[in-house]
Amino acid sequence: MMVVLGELGGRDEYSLVEALKQGKVNKPVVAWVSGTCARLFKSEVQFGHAGAKSGGEMESAQAKNQALKDAGAVVPTSYEAFEAAIKETFEKLVEEGKITPIKEVKPLQIPEDLNSAIKSGKVRAPTHIISTISDDRGEEPCYAGVPMSSIVEQGFGVGDVISLLWFKRSLPRYCTKFIEICIMLCADHGPCVSGAHNTIVTARAGKDLVSSLVSGLLTIGPRFGGAIDDAARYFKDAYDRGLTPYEFVEDMKKKGIRVPGIGHRIKRGDNRDKRVELLQLFARTNFPSVKYMEYAVQVETYTLSKANNLVLNVDGAIGSLFLDLLAGSGMFTKQEIDEIVEIGYLNGLFVLARSIGLIGHTFDQKRLKQPLYRHPWEDVLYTK
Amino acid sequence: MMVVLGELGGRDEYSLVEALKQGKVNKPVVAWVSGTCARLFKSEVQFGHAGAKSGGEMESAQAKNQALKDAGAVVPTSYEAFEAAIKETFEKLVEEGKITPIKEVKPLQIPEDLNSAIKSGKVRAPTHIISTISDDRGEEPCYAGVPMSSIVEQGFGVGDVISLLWFKRSLPRYCTKFIEICIMLCADHGPCVSGAHNTIVTARAGKDLVSSLVSGLLTIGPRFGGAIDDAARYFKDAYDRGLTPYEFVEDMKKKGIRVPGIGHRIKRGDNRDKRVELLQLFARTNFPSVKYMEYAVQVETYTLSKANNLVLNVDGAIGSLFLDLLAGSGMFTKQEIDEIVEIGYLNGLFVLARSIGLIGHTFDQKRLKQPLYRHPWEDVLYTK
Amino acid sequence: MMVVLGELGGRDEYSLVEALKQGKVNKPVVAWVSGTCARLFKSEVQFGHAGAKSGGEMESAQAKNQALKDAGAVVPTSYEAFEAAIKETFEKLVEEGKITPIKEVKPLQIPEDLNSAIKSGKVRAPTHIISTISDDRGEEPCYAGVPMSSIVEQGFGVGDVISLLWFKRSLPRYCTKFIEICIMLCADHGPCVSGAHNTIVTARAGKDLVSSLVSGLLTIGPRFGGAIDDAARYFKDAYDRGLTPYEFVEDMKKKGIRVPGIGHRIKRGDNRDKRVELLQLFARTNFPSVKYMEYAVQVETYTLSKANNLVLNVDGAIGSLFLDLLAGSGMFTKQEIDEIVEIGYLNGLFVLARSIGLIGHTFDQKRLKQPLYRHPWEDVLYTK
Amino acid sequence: MMVVLGELGGRDEYSLVEALKQGKVNKPVVAWVSGTCARLFKSEVQFGHAGAKSGGEMESAQAKNQALKDAGAVVPTSYEAFEAAIKETFEKLVEEGKITPIKEVKPLQIPEDLNSAIKSGKVRAPTHIISTISDDRGEEPCYAGVPMSSIVEQGFGVGDVISLLWFKRSLPRYCTKFIEICIMLCADHGPCVSGAHNTIVTARAGKDLVSSLVSGLLTIGPRFGGAIDDAARYFKDAYDRGLTPYEFVEDMKKKGIRVPGIGHRIKRGDNRDKRVELLQLFARTNFPSVKYMEYAVQVETYTLSKANNLVLNVDGAIGSLFLDLLAGSGMFTKQEIDEIVEIGYLNGLFVLARSIGLIGHTFDQKRLKQPLYRHPWEDVLYTK
């Protein structure tokens, strides 16, 4: 006879079912697959989170038991009844003369569990993932080494958490406040821009919040939302290479690239953008240095001499001031600043900020119970 | 002869090209398609943003001109040369005796442009989209009626902007501060959870920030990130229906649903979660009422009598306190609160918060220059 | 008195509600907002599809009616009762001596509906979208001009539909059959690759099919799934520039780029990949020319002289043969082929093909009722 | 002295760097971290695919070497120079009298590598993922046990691959041909529907193919693309419960649900949809039973008696015939069919099919070089 105590995730049970069905196993089989051993794996038992999971495991174990039973195995109704089932089957075989009891032997060594083998130093397993920004293994998660409760206790703000998780250091409060201001200024720009539009269309298709948000986020890139990042990149390059505003603007013109961060639909040299003025005021009051912003202002002076609407806009102000934040804080090496600009952290700032607006638009359409959107035929040129 | 002054987006040019090719038009055609009339459409000329677009338009106009030329039309090299080309072609036809000039006639009325027709009240067009949360048509965007510069000037925080864009009202500062604390507490939970994991895998596939973020966000739902929303929903339902903690917990048990917001991997009744205590302290100090939270605490008292790890966790604390925020502020009707809970605003809070962490993980992997991830074969059970 | 017959989507009703609330309108108001006029808009009445929508519209109309009623207007219970309500209110006012009936006057011209104004040539509206591949305005949709029923009737296959919608022409059957073979070969590559892995994680988070599929698709890019596209691009460039295999391979080596499409984990020069042989056989039998493939084979001959596993693999075979398909069919200009390679049609082929596998993995995990995935802590290196 | 031969992914090197920096290690350190040992891990060495990866690994190894060097370790320029560097450092220490050579000792047992430990049966590791549909571990991938080359050799079509990966069995050719017809019929429905619209907007934002496709896919759900699935579900439920067409339709009416699969914008009882007729012809010719379709036709007969446009449409035909495919093939148990309908395989069919169209729209917009889309302000009702 064969006695099987099955585990979740093990390989053997289904092979056995197969073998039973194909008649390859002729001996009586007494089997039990338990869902409760999940208890042994520490990483998967968070009460609360784990509801759906445990349900899945139970069903998985039940499915195995059922499959074994269907294939002809003796399967008790509970683990408690397992021993009795084994004994009963065994004694029946003895009684029928099919087997003769032999003396007990010392069992072979069973394979050791991976985690204990690692702990005892017998085995080492290479890790497949490296991570440096946060750690959830202790009593409470840490962001860049700072425990979450300490973040609350110290009265930190959203900008401080961004500082820890993105920059891996605790920037001074004027820096993190500036990050918060940027998020507020970029949080939304009406329902007509690509991002909000796609989010609205998806929400109106009756889809969930995440799908609606995501459908809009995917439009963020070179043409939508990229101006802040571009402004930072170009201003940095021009300033670091020592170009005069004249050289910079004319060089861009020659390449056929509009200067990002310059120009406004309504605002003029004699009707400045209040938001830009507020950002400049904040930086002049708090930043140790605003050299990149001053450079952007000089560029603006030159472009205004060419057309009255070529003012420094919000994108340009944020882009240049972010460079001042990085350089002025004294907490980053030159190489780190280059890396931050290259990876595109400012794009991350825009993406996070605009998520607030996109989630808002989703809620808005759901509140308004708007129906499925269909673009009007009349607005499409069907051609070849 | 035929004179054509083409526009971006018009239907006619390609029909003409077709007709010329098929020999349906035999008269000489003088044509010019201009990309510069884009200037006339106010909504599409934001300097800076519009770089890529205008480039596209120029090419579109050029493509039309090329197509017309290829089909045999006379196409000048610039708009300025258009008049001369018309005159030349006309005079050539007169000279060849193919046409005889006639007296000028008053031209037929041309169709009016839609926008001017709407303004003059002659035509009305139904709008296809309704939006209520933000407006970008003026000098600067407004969130729920509040101009962006005013938001900066008043020293608002990220929570205040969320209040305006999601709740369409200016909640008191203790409410928006509470929202900010929730965002900070939910910003990340390490690299092993579904969301961070998928984001890491996508970033390691060399994909851009938005794709990496989005791949992780899509795992947020019933099993990952849903506990706060569930806690709010169940606690609200139980409290509003007047269930005692005993009735609530036993009722959930009977339905086979674990109580969301209760239970912790490490924390115990005699080793409480500091974050929960901080949230409770904040609320007791600032909220006019914490009736839902007190209810959650009573539930915890009962569950602790059953097992020592069944403590109120962060999810449960946030979920119940958010109900107190809504009810206690006095700024929402009962119906509005029901709608907010039904639509799932708390899920929005989690999604926004966790975006900070997911963006952080993307930056982290890019900084670490991690290669393509491939799940190890050894960790997969291949079965039938 | 004021009589209002409201429409879905109109601007006026909510302004009126506002005015009533603010006491700006003191006259009695009789109002009705009808959801049934939706019938008039041809584009939104597809029975079947429109269920959810009409529901939304009804609620929208009802919401307006309710808002008007709440603001003090007289709102009947149905459109049929509208006339009576007007009459009743009017007569009540006459009776109360508040108004005196006057003689009927000819009403002012009301604004014309946009669509009829366009039809009658009075107004023209620029279209905002151009589309060329399919048209759904007639009795049945057309793909590149071919009606869908004709596609079925002619016994077309999936490759033929791709030919129409992507290439806008009806390629010969041997081409579309080749496209189908590529799709079949790329449909899946096991559960361990980035795409399948993320799809599996998302499906196990209990998310819907589209979210699961999408989370996996987002990993497709330069490092995962990009080899076919790269192979086509590099082979085309090398062949078109007339490089010998030696020059090509050594040039790539100098640049530090591995030759895409060359190399296999198991296959060797003396144990060729059967799939590659089948593709080559198909192409040699059916394609008028296989010059790019022959070039790839010459490259393989050279790389095999360096290492025995540097065989032409499936990616390289598909990439080079796709170039032969385009060039050999005689249906594309050189410029069109360049555009197709530049836009990345082969990436589209991979994305479409792998969607079959990703959807399969989603179904698989749902069938298996797998619980929430959490990456094991032990597999992560937490560092700084 | 300390000699370190580092590995990719190991924990030790960075700890050492840290220790060196903190002065905790004072002995001379000779170190080398090699990127080439990646060769040892079989799962990560596919030449071709692995280009980007290996690059990443090299950089990772180089980064470690650099960090060690910066921290003061002796790091040679290549592995070949490692031995010499050890010897040199050692001899220098001997020379300086800082160390005295001792006799060789037998080294302690080092931890065994996980994979070899598993193979030798010493350790067992639980698998975290179960997968049943495809296997990529052998010489070539297998779909449901069928090797890819065999799929090509047998002249299989796309429908057959879907059959293997979704249904895990080889359905008869008339079934897989029917699946292909459904894909062709659902491949596109013009640029105005939610999915195509969002894809077009994202492509026009300059985003890549996958982002554009995905942004459109996310609109597929209850209101867009859900009719086929709904038709199958409702027809199955009604037929299996034995409802007469009259009972079914009136029951739906009572619940306020429109019958999915019934109704057409243009088609009428006396102008039937040719596509539906072709599907019916195919099924009547090839299917062993069309009982569900006949039921749908009876429902249509009843609805046509109420209104002339309430014809069976393509969604209804596909939905009902798919049930006939499952039931008629005799290859599924009743329970399996219920599971297939519950999981929503038909939705998968629509999603896959429409991906063809969405990819086509992306290519179309890129070919047309369309600029950033911005929804016209005039089409939005800004309200409160």
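Annotations
Residue numbering begins at 1 within each chain, and the chains themselves are lettered A, B, C and D in the order written.
Operating definition for what follows: a contact is a pair of C-beta atoms (placed from the backbone, for glycine too) under 8 Å apart; a residue touches a chain by one contact, two chains touch by 3 or more.
If you're wondering where the values come from, they're calculated on a predicted model, not measured in any experiment.
Shared contact partners of chain B and chain D are A, C.
Taking the mean of C-alpha positions as each chain's centre, the chain lying farthest from the centre of chain C is A. Contact count check for A-D and A-B (C-beta pairs in contact): higher for A-B. The centroid of the Cα atoms in chain A and the matching centroid in chain C are 24 Å apart.
Chain A and chain D, compared by their mean Cα positions, are separated by 18 Å. We define each chain's centre as the mean of its Cα atoms; on that basis chain A and chain B are separated by 16 Å.
Multi-chain contact residues, meaning those touching two or more other chains, occur in chain C at positions 9, 11, 43, 49-50, 52-55, 114, 125, 127-132, 135, 137, 191-193, 206, 208, 210-211, 214, 218, 220-224, 368, 370-377, 380-381, 383-384. Contact residues on chain B toward chain D in their complex (touch as defined above): 43-44, 49-50, 52-57, 59-60, 63, 114-115, 118, 125, 127-132, 135, 137, 145, 168, 206, 208, 210-211, 214, 368-372, 374-384.
Residues 9, 11, 14, 18, 42-43, 45-53, 55, 128-137, 139-141, 143, 148-149, 151-153, 156-162, 165-166, 180-181, 183-185, 187-193, 200, 208-211, 213-214, 217-218, 220-224, 227, 257-267, 273-275, 278-279, 282, 309-310, 313, 315-316, 339, 343-345, 347-348, 351-352, 355-357, 359-364, 366-368, 370, 373, 375-376, 381, 383-384 of chain A touch chain B in their complex. Residues of chain C that touch chain B in their complex: 7-11, 41, 111-114, 117, 121-128, 130, 191-194, 197-198, 201-202, 204-207, 211-212, 214-216, 218-224, 371-377, 380.
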